[in-house]
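Order of writing sets the chain letters: A, B, C and D. Residues in each chain are counted from 1.
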Amino acid sequence: MKRVTERRTYSYLGPAGTFTEAALDQVPEARGQEWRAVHNVGEALDDVLSGRSYAAMIAIENSIEGGVSTTQDALATLPGLRIVGEYLVQVNFVLVASPGTQLSDVQVIAAHPVAYAQCHGWLGANLPQHSHVPAASNVASAIGVLDGTLPAQAAIAPPGIVRHYDVDVLAEDIGDNKQAVTRFVLVTRTMRSPEPTGADKTSLIVELPHDHPGSLLEMLEQFSTRGINLSLIESRPIGDELGRYRFVIDADGHVSHERMADALLGIRRFSPRVVFLGSYPRADRQIVQYPERYEDDVFVEARDWLRGILSGEPED
Amino acid sequence: MKRVTERRTYSYLGPAGTFTEAALDQVPEARGQEWRAVHNVGEALDDVLSGRSYAAMIAIENSIEGGVSTTQDALATLPGLRIVGEYLVQVNFVLVASPGTQLSDVQVIAAHPVAYAQCHGWLGANLPQHSHVPAASNVASAIGVLDGTLPAQAAIAPPGIVRHYDVDVLAEDIGDNKQAVTRFVLVTRTMRSPEPTGADKTSLIVELPHDHPGSLLEMLEQFSTRGINLSLIESRPIGDELGRYRFVIDADGHVSHERMADALLGIRRFSPRVVFLGSYPRADRQIVQYPERYEDDVFVEARDWLRGILSGEPED
Amino acid sequence: MKRVTERRTYSYLGPAGTFTEAALDQVPEARGQEWRAVHNVGEALDDVLSGRSYAAMIAIENSIEGGVSTTQDALATLPGLRIVGEYLVQVNFVLVASPGTQLSDVQVIAAHPVAYAQCHGWLGANLPQHSHVPAASNVASAIGVLDGTLPAQAAIAPPGIVRHYDVDVLAEDIGDNKQAVTRFVLVTRTMRSPEPTGADKTSLIVELPHDHPGSLLEMLEQFSTRGINLSLIESRPIGDELGRYRFVIDADGHVSHERMADALLGIRRFSPRVVFLGSYPRADRQIVQYPERYEDDVFVEARDWLRGILSGEPED
Amino acid sequence: MKRVTERRTYSYLGPAGTFTEAALDQVPEARGQEWRAVHNVGEALDDVLSGRSYAAMIAIENSIEGGVSTTQDALATLPGLRIVGEYLVQVNFVLVASPGTQLSDVQVIAAHPVAYAQCHGWLGANLPQHSHVPAASNVASAIGVLDGTLPAQAAIAPPGIVRHYDVDVLAEDIGDNKQAVTRFVLVTRTMRSPEPTGADKTSLIVELPHDHPGSLLEMLEQFSTRGINLSLIESRPIGDELGRYRFVIDADGHVSHERMADALLGIRRFSPRVVFLGSYPRADRQIVQYPERYEDDVFVEARDWLRGILSGEPED
C-alpha cells in the first residue's frame, strides 16, 4: 500500500529567480514543499483564500520605493488573511544578456520600471545613450531578451537569475543603493497567531473616522499611551474620494501582550474599520524594549483592583 | 413583645445650625435617624471607620475658598471610606447677638476666620470700626457671644442658627458673594457604589509618579481619550517634600460604565497610588453627556472582536 | 522696430493628450505660451531648475493609487522648487484602436500599468481573454498600437487622445471608479508664495527625528495645537534604511497666516529637515475654516503682551 | 550738611518672630532697611501697590498645607505686582509660656489653627487632655498668653519667638513633620524680571477657557511641547461659580529664554486671562535641565528660516 504524503503549496511571485523566491527560500517549513509561481499579488492571495495554496509570500515594503500599494490594498480589502512571518531580502541587480553579448552592444535595456529606477546612477554613468523598454517583472525582462519578445539587448534582473537561465552577466551590483532591502510577509488563512517570541510585531490596517479632525493623532495616542512603538506607518487612499485614508501599521509587540491587546481595543473602539493582520516574529529577531510600567502584570493588577471596586469588596 | 427598631447614626460638624446640618437635612434616609454632632472632619470620619456612625456628612469644596484641605487629606489617607452622595448648600450669613443688642452696640465680632473673610464687604461698609475675635466654628461664634466666653457683642453665623438659639438677627445676607455654595459629601464604609442614575460622578485621589515629567498630562489623557470630562481637579501636596502632589478628581460618570472603568484601569496602571472614593449621583442631577463613540456597547463589541482574534476564530 | 514678446515655457508629461496636459489646460496664464512635452517628472523638474521652463505641471496624488512617489521623492530632494497652484483632473479611460478595428478583434491590450489596473473591472467583464502589454505612458500605449511598435490591437488611453490621434474609440468610460481624480501641482522656482485667498493650502515635506519615538505624534501636535487641519499626510521612506520616513503634508491655510507661520516654526525646530513647498490656492477653492481663537490678531495681541513683559512695561 | 540715605521699606507678616520674618532675613538687600510688620497678606501687598513699601515678603506654599489661598487669590486679582525672589524656611514649632510655667500647668493652648493642626501628634502624646484656643497668628498666640488676652497657659509659636519675647520654652521641635517647609516670595512693583541665572522659575496664574473641555490638557501641552517642566500646578476656584478654576503655575526657566517666551505666547493665545507674576531665581539654586532641542539657537534658527520663506528668499 502506498503512503500518501500531503505536500503544502506555497505561492510566490514567479518565475524562479525573483526576490520573492529568495524570500521563500528563508522559510524552513517551505523546503521540500510545492512552490507555485504566480503572476501577481492578487493571484497569490487568491490561491490562499481559495485553498489552492497553504500560504503566499508577498512583498510588502521596499526600503527605497516604500510600501507596495497593491499588497497593502489587497490586505486591506480581502478578509480572512493573516501574516505569520516576515522576511528581508537584500535587493540588488545584475545586467544580463544572451550569451556572447558585450556591454558595448547594448542600446536598449529591458527592465521592470521599479528596478530600472533603482539602477539610474549606474546606467547614467555606464550606458548614457541607452533607452528603456518596460518589462512586467524582474525576470520577465531577462526572458523577453532571451526569447526576443522584447526589443532589447540586455535586461536588469536579480542576481538569482543565473541559477535559472542561461545568461551572461554584463555587470553586477548595479543598484544605486547598496542597502536596499525588500520586506516580504508570509500570508495564510491560519487565524491563530504564532506564539510570542519577545521579538514580535503586530500588523494592522486602520481606517480613520473621517468626520473628526485630529483622528490620526488620536490613533497614534492609542499606542503611545501604552508604551508601544510603531516601526511602520503608511497612509493609503481608501479610494472613494481624495482625502480619505487608511493607515498601514506595524507595531512592536504581540497581541497576546496586555499592552498590545489594550491598544487594539482602543483602536477598535475608535476606528470605523480595522483589519488585524497578525502578530508574528520580526525578521530581525530584535527583542522589543518597552517601559516596565507597561508589563503584563501591571495590567493584571489593575484589573484585579477594578474588579474589587465593582464587586464592592474593600480595597486593601 | 417589644419590636426594636435599629436607628442609624449620622455624624456631622455640629453643633445644630451649621451648614453641614443643612446638608444632612437634604438626605431623606437620614430623617428620623440619630444625628451626632462632632467637632471636626477627623472625628466624623473616625465615627464612620470605627462603626460608631453609619455615615458622616462633610464639606469638601467651597465655591469661594476652594477644596477643603482637611477633608481632602483625610480621604486621601484613611482607607475604607466611600462617598455615596453629594449635596449643595447655599452659603450665607447673618449677624446675630444676644436679645436686645443693637447694631450700634457692636464693637467686636466673633466669627470663624473663613466666614469672617466672606463678610469683608458688608463689615467694611456697616461696621468699619469693628475688631475681630476668631471662633472655632460658625456656631461656636454665636454660642461664645451668648454665654460670654468670647469677648464680642455679635457673631457671624449661618441663617439656621435662629432655629436652635435665642438670638436677635442684626443683619441678614451679609456674605459678599450671593452665589457662594458649599459642596458636601456623605461618606460611609459601604463598598458597593450606588446604582448609576445617568447623572453620576466618580471621585478619585491620584498620586502622580514623581520620576517622570509630563505625568499630569498623561493622567488627564486617561480621561480625555475616553470622552470623560472632569468637573474638579485639585492638587494637594503629599506632604513629604515640596513639589510632590496628589490630585483630587471628580470625573463625570459612574464606574459601572465601560468608559469610566477603562479610564480607571489606565489610571491605576499609571499611578503609584490611587484611591477610589466612589461613584454616586451628582447633587445637580444633571445628566452626563458624552460622545456616542464612548457608549458601553462600543467597548463590549471591541472586546468581543479582540477575544475572537486571541482565540483564533475568523473575523467576520 | 520689432517688438519681441517673450513667451514662457511650461513643461508637462506628454505627449499631447495626457491627463497632465488636461491639468495644464486649466492654467489661464499658460494659454498661448510654449508647452513643452517631456517624458517624466524628473525631466519636467529639471527643466524648471535649469531655467529651460518657467514652470512644470506634475501629478502628485491619485485618489485611487495614492501619492505619486516619484514626484514626492523629487520634491523632497531637489532644492529650490515651489508649488504655486493645484489642479484636479477627473481620471477616465477609453479603449482605442486603429480605425476599423472591432472590439472582437482585440486580444492584446497596450496600457500603462496604472491605467491597466484601474480598468480591471471592465476588462474582466468585456474582454476576459485578453492579455496585457505594458506601455510607458497613457498615450504611448495608443501610439504603439497605431505605429505597430507594440504587439497589441487596442490601447487604454485618456479621452483627450481623440483630439490628437486618428483612433477609433471602442469603449468609453471603462475605468472602475467613476470618482477617480488626479491631483496635479504647478511647480516653479518662484520663491514668493501667491497671495493668500482664504482657500489655501501649504505643502511641506518633513523628516522625523529618528532617535525619539512618538515623534510623529509630536509633529501632528504642532498643527493641532494651532487649529490647523491636514488634508494630506503620506509617509515616504527616506531610502537609506527600513523604518526611516519623511512625511508629505498638505496643511489647510497659508504661511502668511500667523497660525501657520507659528506651526512651521514648531516643525522647523523639531525636524532635522523640512522642505517648504509653498502656500497656494486650493483647487477646490474651499474657504478654510478654523476656530476663532487661532485668528491672526490673537497671535499679534499675545506678542504685544510678551513684548511688554520682556521690556518691563506694566501690564494693563 | 546732612546726607540723606533713602531707606527701602519691606513689609512682612509680623510681628517680629514669624516665619515670614525668617524669610526676609534671607534677603541680603533687605538688611539695614526698614522692616514693616503687617497683619496679613492683603495689607502687605497693599503697601507695595500704594508705594508705602518697596517690597513684601509673603508665604505662598506650605509643604504640608499646600498653596496659601489668600496669597494666590491676591496675586491673581491685584494687577501690577511681580515676584522677584523665592525663599524657603524650615517650619518648626516650640511650645512657650510665661516664665515659670511648667508643662504640667498647661490645660489650654493658644495656637493659630494651621500651626495647631501641624502639632497634632506631639500634643496627643504629651498633653492629651488639653483644649485649644485659636489665635490670629503664630506670634499672636504667644502674645495673648503673655498679656492674658487669651485664656491659655501656653502657646505654639515659631522658634524665633525667643528673640523677641520673654518666654519659657516648654518643648521644642513639636511639629509632626520634620521636613515641613514654607515657601515665601518677595513681591514688588518692579516690572523688569531679574536677569536669568540658569536656575530660574517663572510664575503664572492662568484662567482656563470654560467652554471647551480638555482645556487643562491643552494648557499643559503648551509647556510640554517646549520641554518645560512645571514644579507647581495648583487649582483655585475663580469664585463666581462651582467648577470654574484658575491655575497657579511655576514653570522651570526664565521668560528671557526662547522656549519659555514661546510657551507664554501659546498660553496667552489660549487663556482668557493670564497673569505673569515674574521670572526669578529659584530658592534651591538648582540649574534647570532641558532637552538640547529646546535651546535658544534652535528657536532663532527657525525664525530665520521662516523669515526667508516669507520674504521670498531662496532656502539654502
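Just so it is clear, contacts are C-beta pairs under 8 Å (C-beta built on N, C-alpha and C of every residue); 3 or more make two chains touch, one makes a residue touch a chain.
Computed from a predicted model, the values in this text were never measured in an experiment.
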Quiz item: To get from subunit A to subunit D along touching chains, fewest steps?
Solution: 2
Quiz prompt | Inter-chain centre distance, subunit B versus subunit D - centres from mean C-alpha coordinates, in Å | solution = 27
Quiz prompt | Approximate Å spacing (C-alpha centroids) for the pair subunit C, subunit D | solution = 58
Exercise. Can you check how far apart subunit B and subunit C are, centre to centre, with Cα atoms defining each centre and the answer in Å?
Key: 60
Self-check item: Touching two or more other chains - residues of subunit D
Solution: 221
Quiz item: Okay, what are all the chain pairs that touch?
Solution: A-B, A-C, B-D, C-D
Quiz item: subunit A touches which residues of subunit B in the complex?
Solution: 79-80, 190-193, 209, 218, 221-222, 225, 255-256, 261, 264-266, 268-270, 275-276, 293-294, 298-299, 301-303, 305-306, 309-310, 312-316
Practice problem: Would you tell me which residues of subunit A are touching subunit C in their complex? | Solution: 61-66, 69-70, 88, 113, 117, 132, 134-136, 177, 179, 181, 183, 213-214, 216-217, 220-221, 224, 229-237, 239-243, 245
